[in-house]
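As written, the chains take the letters A, B, C and D, and residue 1 is the first residue of each chain.
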Amino acid sequence: MKFSSVHYLVKKGIDNVVRNKMMAFASFCVLLVSLLLVGVSVLAYLNVNSIIGGVEQKNEIAIYLQDGIPNEMIEHFGDNLRGLPNVADVVFYSKEEALDDFKARMADSDMLFDSLNGENPLPDAYRVRVADIQHISETVSTIAKFEGVDSIDAPYDFVNSLLQIRKVLMAVMGTLILAMVIVSIVIISSTTKTSVYSRREEIQIMKYVGATDAFIRFPFFVEGMVTGFFAGCIAFLVTWGVYTAVTNALQNQTLVLNIIGTGSIIQFTDIILPIAISYMAVGALIGALGCAISTKRYINV
Amino acid sequence: MVELKDVSVKYSTGVDALNHINLRINDGDFAFVVGSSGAGKSTMIKLLLKEIDATEGTVCVNGYHLNKLKRRKIPELRRTIGIVFQDFRLIPTMTVYENIAFVLRVIDAPTKYIKKRVAYVIGLVGLQDKAKHFPSELSGGEMQRVAIARALVNDPKLIIADEPTGNIDPELSFEIVELLKSINACGTTILMVTHEHELVRHFGGRIINIDNGEIVFDDIMEGTDEI
Amino acid sequence: MVELKDVSVKYSTGVDALNHINLRINDGDFAFVVGSSGAGKSTMIKLLLKEIDATEGTVCVNGYHLNKLKRRKIPELRRTIGIVFQDFRLIPTMTVYENIAFVLRVIDAPTKYIKKRVAYVIGLVGLQDKAKHFPSELSGGEMQRVAIARALVNDPKLIIADEPTGNIDPELSFEIVELLKSINACGTTILMVTHEHELVRHFGGRIINIDNGEIVFDDIMEGTDEI
Amino acid sequence: MKFSSVHYLVKKGIDNVVRNKMMAFASFCVLLVSLLLVGVSVLAYLNVNSIIGGVEQKNEIAIYLQDGIPNEMIEHFGDNLRGLPNVADVVFYSKEEALDDFKARMADSDMLFDSLNGENPLPDAYRVRVADIQHISETVSTIAKFEGVDSIDAPYDFVNSLLQIRKVLMAVMGTLILAMVIVSIVIISSTTKTSVYSRREEIQIMKYVGATDAFIRFPFFVEGMVTGFFAGCIAFLVTWGVYTAVTNALQNQTLVLNIIGTGSIIQFTDIILPIAISYMAVGALIGALGCAISTKRYINV
């Protein structure tokens, strides 16, 4: 095909958007809605993932040391802990700190401590945070073999709950995305089919006067692409606005933020570029394919 | 060249539109097709364009054997034929100019040539003023003339006109047939379906009469040249 | 009764389709409207049906003043007129029978009467075999005859036929006009646009010639009764 | 209008569904999707609401009694508590139980209790569950005026978190429903507009041969209603299947169930009737209105 033909077909596709305003607008709306449904679901998925990651960071293994081991051994112990692969953070928690904290927590029951006569029955301890809670039990059993360990308190309940919650939430969010993709396919194909149906006459006449399939479909392709691209742009702007509004609203919900951790919510500005590109590219692609595929049916004359 | 050998067409509704038709139109011929309403004239034309397939028999147009023609070769066949459809079939979303130019676009004609050629044929059918109008803004006769212009524009080997003067006044009809005659004189084969016996009587030539799906008359008659 | 007083129509494209037309057709008249392609004949008909509005002047049809007619009264007006449209305008999703019956449905006719009447008019135009076909399964002339049948079916006071024989062979055309004549004899006003001078010459009567948006001839001529 | 006409128009509407299979199917799909989006959002809303309600039931106010008040006064105190309007549940928690529980919890620090010499420093207490946590502070201040109260421990943090979480979740779910309603309106109106557009010729011809607006629109109305009704039926079945599958899947997630409470998830069988009726009625109504409204545009000829 010559350049003049390509130029003509592209121009024709763009003209069609203007000439079939009503149709183009309907396709635009449906593409916009689809992009938003899928886009927002994906963003929600990413955030839930990040939030669970944030909560997971709060895991803590307490390693109680045997009473009376020498200071250099305690330090050596700490170095060994820091050298382990799955360990993210190591904090030493002396028996004195432990007693102070205990007293503070039990302030109501002061009388209990009076009888201690200054003795401290609590052990020295290390507090360790693991990087990946999925492998927490392996890390614990490695530590258990260290010399000087009295006992280890690992948050297995917390970890199990969290792993299960993550599984459920990820399943829910994954299903949501899948559902939204299916919804999008259904509504986009319904609309493009209907839209192309109302132009079947035009398609068939072109075929009758000697146009090839590609020649007929190309402008439809361009038309869908232009519509889809604009839908992508608007979807991006809407997402931006909604996302920012939601995160701002969440800033005020301190209690909720306490639970999920402030840093866990992804800032829109951090992902603005991939989002913009995905929206426009996916919009243009889906729009183009939807139109081009739907024309197929009426072109066989 | 058009050749139909023992061709029958039966529509899915059960209507036998053509029954064992045999017809041969040589390159450079000019033939009128006449016949009563529902006789099968348009059906024959749809066959030549491979809009429908023959239920029986073989159809051969401009060297293409339509029975064996591959789907992707159909546009090639249609480019060798200029057709005036009985129901016009103009593209509603394109202006008169674009409708006619489209036929040249599909054969990758140079833009310059398209401009000149389309303006010329629009002039031939007297629609200079309407070039930028959409089909819905035209009168019946104007639409028909656009259809005629579209059939002429790419200098096809064969022009098939199904009732091209049904909506046009007698004077203009004579002009149109004279135009077709002059194109025929340059070597283009022309097949014209018409109900206007006056035209047939005036111009004469080969006359094919179809009745009830059969060719009942096929011969050459002198034109009377009277009006 | 149809009365146009100093009527002009200018389309939004800037085309002056009618220029200060004055016309009066009395109840029971039979008039042929002739004129070249694009003269404004169909535009005049669209006016009578209130498909378009006059840019200037007043239009009065069957006692309705179209300039002042309320939107919801339009169906009432249209039920007093039977129209054969130049482009047929058959409903593609309805069969021949349903298309014709629809006109009676809208006036709440009894089902029994509809059955009898529709079968009768289908017979008049010779389409008994095609009653259950869809418009897309008909030949050009058959569609035109369905349009004619639809215009007759509810015994309208006024029948307007825009080129009703453009796709029909001469013999059938004569029959159709004879049919219209006989209906006219029973008191129905008839206005028929045609390009077929043979018909006009044969039947004679009132002849209105429109050219370039103006009435250039309006008089009664004797029919020659020749063929 | 006579009966025969109404009968004709209804029949015509139903015939149209069959004759415009492609269009009817497109409308059906879009209506189905819309009903599912809104329906599932509403069900999710109801469940989240019920789950939060379940969690709220777990609130508990501890009322510590003054040391050494007589038994009959303690009992009288309990009766008074039970008489309060916002109190759902009252349990007496004796000082002995309290000490046992405390010892059990502090099993690791046995040595602390050795020095108590059988003395019990803990007070008698009542544990109270309020019906509506929104009014917990009023209930607490009423109780504070009772004779014999030493101190009251109310779960204000828990209540505040919960109230805030409820607010956030309800806002999120409400927005979701609203968004889905908007999405539905957009996609339904796009599809019906496109669908009716492709039949504008038919509509206009009817008008040209003398049909009134109502006569033309009625079959479209019926057509939309039939399509919408079927969409409602299928939406109901899909919801049923999905809902049951999800609740069954949740039965296996014991940890999640622990948090939200088993009884909090609404059983589908409890709401089957209102759901079925809503789906079908809303489907039929929206379908009918969508078609009837869209025809308006092309009927003005």
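Criterion: a contact is a pair of C-beta atoms (placed from the backbone, for glycine too) under 8 Å apart; a residue touches a chain by one contact, two chains touch by 3 or more.
Not measured: the values here are computed from a predicted model.
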Joint neighbours of subunit C and subunit B, given as chain labels: none
Least step count from subunit A to subunit C, where 1 means the two chains touch: 2
Chain of greatest Cα-centre distance to subunit D: B
Length of the line joining the C-alpha centres of subunit A and subunit D, rounded to whole Å: 25
Inter-centroid spacing, subunit D versus subunit B (mean Cα positions, whole Å): 67
Whole-Å gap between the CA centroids of subunit A and subunit B: 62
Topology of the chain contact graph, where touching chains are joined (line, ring, star, complete, other): ring
Interchain pairs in contact, sorted by label: A-B, A-D, B-C, C-D
Subunit B-facing residues of subunit A, complex: 1-2, 4-5, 8, 16, 19-20, 199, 201-202, 205-213, 215, 300-301
Subunit D-facing residues of subunit C, complex: 49, 51, 71-72, 74-76, 78-79, 83, 85, 89-93, 102-103, 105-108, 110-111, 150
Subunit D-touching residues of subunit A, taken from the complex the two chains share: 22-23, 25-27, 29-30, 32-33, 36-37, 109, 111-113, 115-116, 121-122, 160-161, 164-165, 167-168, 171, 183, 186-187, 190-191, 193-195, 197-198, 249-250, 253, 255-256, 259
Contact footprint of subunit B on subunit C as seen in their complex: 11, 13, 15, 34-39, 41-43, 86-87, 133, 137-142, 144-145, 162-163, 166-173, 195-198
